[in-house]
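Shared between the two complexes below is chain A, which pairs with chain B and chain C, respectively.
Moving on to the complex of A and B:
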């Protein structure tokens, strides 16, 4: 049995309470959401926070609804809830594609959307999905709330703009007509972190791509996005040639590293291949 | 009604007796046991793969208020316990005194009042290491310039452990020299790990008053462990009791004695209290017995029309830092010489060189039937390579070369005597189940559309059930097993066996064996195992030897009881014993079968005041030792159908057809369960399971995030078939089955993937066939994800 080091535990009863606890216990305190990254790291003693602030009682952060112009996802929404949401699937099938291949059913039942984003693993699937959708993050602090574009949320591996006294509370995605989206992942096994994955969101006008978002994960893409590939698609006809060009650009501008999942050239190939596949499926979906 | 009919009533599919407690969460595993005053141990392990220990400072740890003892290698050395014998007659450091030789090696042991404090105190120990250059590549271990890992041995052999060969080199070379076709291939069987659900652990309790040591531990071989503890500690063997309670999977991982067990014993000696030590998942993956790591070169010779003539193999066997392989002493490469496979060969020759590297020790684990896994993989890949070279269908080539039923018993060119087989029937059964011709047609059509489907075959022969003891021993202990059968006056039976179940269902199968021999219901037979105080001596459960050896002992001891019962029945019926025959589960008067006595009636009479006649002891209890005359040779034909996504390299196993022949099946449901598990193993080994290291010797497989085990998503529902060719020398005609599927399936999976990739000109790729490995094979670029190459791409 792996055993964590000594840690204090506080159970927050509201967002305000959680923020005050964070202020009280300082930077060595950690927010405990689903705990599927933090607890294993504590058991391995790779993380040794002094205090855990448990926000699992904060039902006020667990919701998934539409304002008519935005889809709003509370940060404490469990993966299984996002996967089970018809609203989310209807507007953004990329989210269901991604959730279906995140970990396993047990992890998805308890792990949270906000927790995954704040863990900021460079291989996180949702980071790529929200980058493709150009989502907006809502962050609460003792002073109030602020919003940050998904593409400015990450500072680096395992680091986000969420400060020591802050909590991510919500993810917002703008609702626009004519859209389609998809997510393609290669893992070594079900539930594995991706070797590489690509998400694509497109909005069509006739056969032309009005706008496109491409998210990449596990391949060292800045802010999980493939900007050059996206730019190449804007105003282009939705053709195999355009997808292939976008794939090439996605591969060219990412920075994968060698690890047990594969060599650099393979991951670069996947960045291209999966971008093409995701675009193809996203366009099919946009066309209904 | 005849005896066979009655046996069939006791044999057959039946839910396991063990299920009731396991499914209700009522099993008792080592970590479930809590003794009054019990302390907890934690192990400090080396962060480096090779380093000299300059100093170990335990003062701060010892001062921790909850710590009762801190044990170092030097302290063990004072007791003569710093080194322990391994199952391969090497020695292994219990706690390092001079050097650490692999990452994760045991350095110090803390005993504390709770598990958390023990773990906390590990961080208070400071060890000064002087890093040394590492040897991670087995191929470079024998380089004269390589650093010597085992300088403690002082034998001048560098990193070489053994050289072993089998077969006739000159005859084999001559056949190769004149053969029309010779195909050779480098093959790596990569390092994997059994990764049982329950990790290893022990509780040691030395009673200072009686001098009795009781060890509850995760052991597949409690009796062998007891003898080894006696030899190591100097405690008299009759004062040692080893109890192996419920075991959460072994697969060979729980055959050796690990340093943690001995440290728990020493901890109990030092504190006078019971000490529990249970390793965590990373410790299990990084330090306990691994499997495989065979670096092989195979060669196969045939005529131009596909008659296979001979095989040759040269192997470097990476045994890690200590030779901890568990196998019969005279067979340092196990039964690798069964690499002659299932084919009618003129000659065969293999050479195996064992080497030390800076990796965890072990080598024979994970359901490998003592290296039969590596042998089957080699021959079955070579046959497929030959088929591709000749442009033959791999099924046809196999059928053409399989041994014919009339050739049994068959002595293979390396000297093993295969007991029985009908190989063509098994292969035909598998081909029919698969719909082989239709699959080939579908494959051809798919290739036109750019779809890459693979059909892979494997035909394996195992040799399992060691001894015979005059040929096979471990540390001088012959591989024979005892059985003790007691029949209570009411006719209920208790069978005590020396082997230990880790999920194989012995409590059910062995009850069925006894029931069949005595005309009882299996419910009337209780099977006792795992406790050296309650069971007769024997070597334990591994190498598919439980049914082959202990199962045979159970049948033999039941027949002894039956013979004793005959004398009692004769007294009851007032006839001569010779006038009785065993039929329909009872002793009956010949010619007057209504005059009969069953075991329950006989048992009561045997314990009663009835005059049994001169020289008849009474009671029915019996004991036996079964020393097998030969190995048993189960075999099977496997077919794996895969779909490969050439754009991503992903492999999906669509179907797995497995036809096993394990002789007489006692409980087909348990056989099916064993096969299901083994196929999952094989698919995992072929596609994902791999313990790798970086160039500095850091283990990259130390968690289940890195060491991947397959899930239900990757493993299809297998399609099973059976043929039954009884073993002629086994009392009930059974052969081992526990490892067949693990042994036979990886080659089928790899053959299937390589078959799928044939249009790309791929001839071979090493396991595990991860998406990256498959894509690299297609691109014909070097796959840099395996082995020890530096991450500099």
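Moving on to the complex of A and C:
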């Protein structure tokens, strides 16, 4: 029988209330969103917070809308809500590709976008998708809000820049015309963490790639991004050769480790191949 | 801490440790043993019940999180002595052998049909992909859900004619 260790529990009723509870209970308090990452970690004693601050009542953090220049995703948005959002899918199909392969439909109904990001598992899918899209994270503290680029959000495995008294409240993605995006994942079985996965977001000008973002997960890419691969694409024609070169660079510059999901060489192979496939599909979508 | 929740229409109030998992509250405290406790890792889906309007894997939800909310377990599916069409489908199509996964399967299936009354076989398999059955295989489970969908469509038509 797996149960979490003894813990105190507080139910937050608003963002302000949650922040004041975090201030009151100090650095050993943890925010509890859907709990589908945190509670399993607590069962295994990999996380042992003294106090849980439950933010499931914070409907103010549950939204998905467009300001005209940005798509805004509230941190308490459930995975199923992101997957079900026509708005998100229309602008950034990469998000739907990724959500479709995150855990299973029941877990997606309760697990949250913000919770997944803050858990900061090095194999997490949305971290790679948001890295590809160069999203911006909004973090609230008692003093106010600050923004951090997605590519500066993670400090390392299971660690983010969200401080002890802070809460991730929103993810923002700039809306730019002429783009396409896609996510490709290989897992051992349905609903599993990836052996490797790659996301691509491209913006075209004619047949030339104006901007490209490539996200990688589960293969030890710094900040879930493949910068060298991206640089090789900017200004290049959107051809299979360019995709193949980007794939090679993505594989060269990531640092996968051998574990129960596979050996290093296999993961590098996947990093390359999935980058190519994601780019191909992203470009197809950009061309409409 | 004290929590109050409504399970299958009945209000319960209990003093609990905050670390108590919802599945254990339901089974051990409230003695509603229809919900099963399986893998403990939110993989198998035997513990699925509804929290408000949503199926959840209750081995991965704290009982404290259900405070002030409504829970529906498999015991709440039937209306009195009339089985829910999903239950009827499982009975008619032999959608179970040992029955361990059945409560979770039926609660997710109920949610699927509420949101998607005419699911394809692929839709049913996708919806149930977070639930594991280790004995009958899935053919009869999919048939059972489809039976319920057909039954409900026929009922709807009868109501409108």
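Odds and ends about this structure:
The criterion applied here is as follows: the second predicted complex is superposed on the first by the 288 of 288 C-alpha atoms of A that agree within 3 Å, B and C clash if a C-alpha of one lies under 4 Å from a C-alpha of the other, contacts with A are read in each partner's own complex, and residues count from 1 in each chain.
As a convention for this text, contacts are C-beta pairs under 8 Å (C-beta built on N, C-alpha and C of every residue); 3 or more make two chains touch, one makes a residue touch a chain.
No experiment lies behind these values; they were computed from the predicted model shown.
Of the two partner chains placed by the overlay, chain B and chain C both lie in contact with A:191.
When both complexes are overlaid on chain A, the residue A:3 reaches chain B and chain C alike.
Using the contact criterion defined above for the overlaid structures, shared-chain residue A:63 touches neither chain B nor chain C, since it reaches no partner. Of the two partner chains placed by the overlay, chain B and chain C both lie in contact with A:104.
Of the two partner chains, chain B is the only one that A:273 touches; chain C does not reach it. In the superposition on chain A, A:36 makes contact with chain C only, not with chain B. In the superposed model, A:265 lies in contact with chain B only, and not with chain C.
According to the touch criterion, the shared surface of chain A, contacted by chain B in one complex and chain C in the other, consists of residues 1-3, 5-6, 104, 190-191.
The part of chain B that touches chain A in the complex is made up of residues 31, 115-116, 119-120, 278, 280-282, 647-650, 687-688, 692, 700, 703, 705-706, 708, 710-711, 713-714, 770-772, 775-776, 779, 781, 783-785, 791-793.
Contact residues on chain C toward chain A in their complex (touch as defined above): 1, 17-21, 24, 40-43, 45, 48, 51, 54-57, 60-62, 64-65, 67, 108, 126-127, 129-131. Within the complex formed with chain B, the chain A residues making contact are 1-3, 5-6, 44, 104, 186, 188-193, 195, 257-266, 269-270, 273-274, 277. Considering their complex, residues 1-9, 11, 32, 35-36, 39-40, 42-43, 52, 54, 56, 103-107, 109-110, 190-191 of chain A touch chain C.
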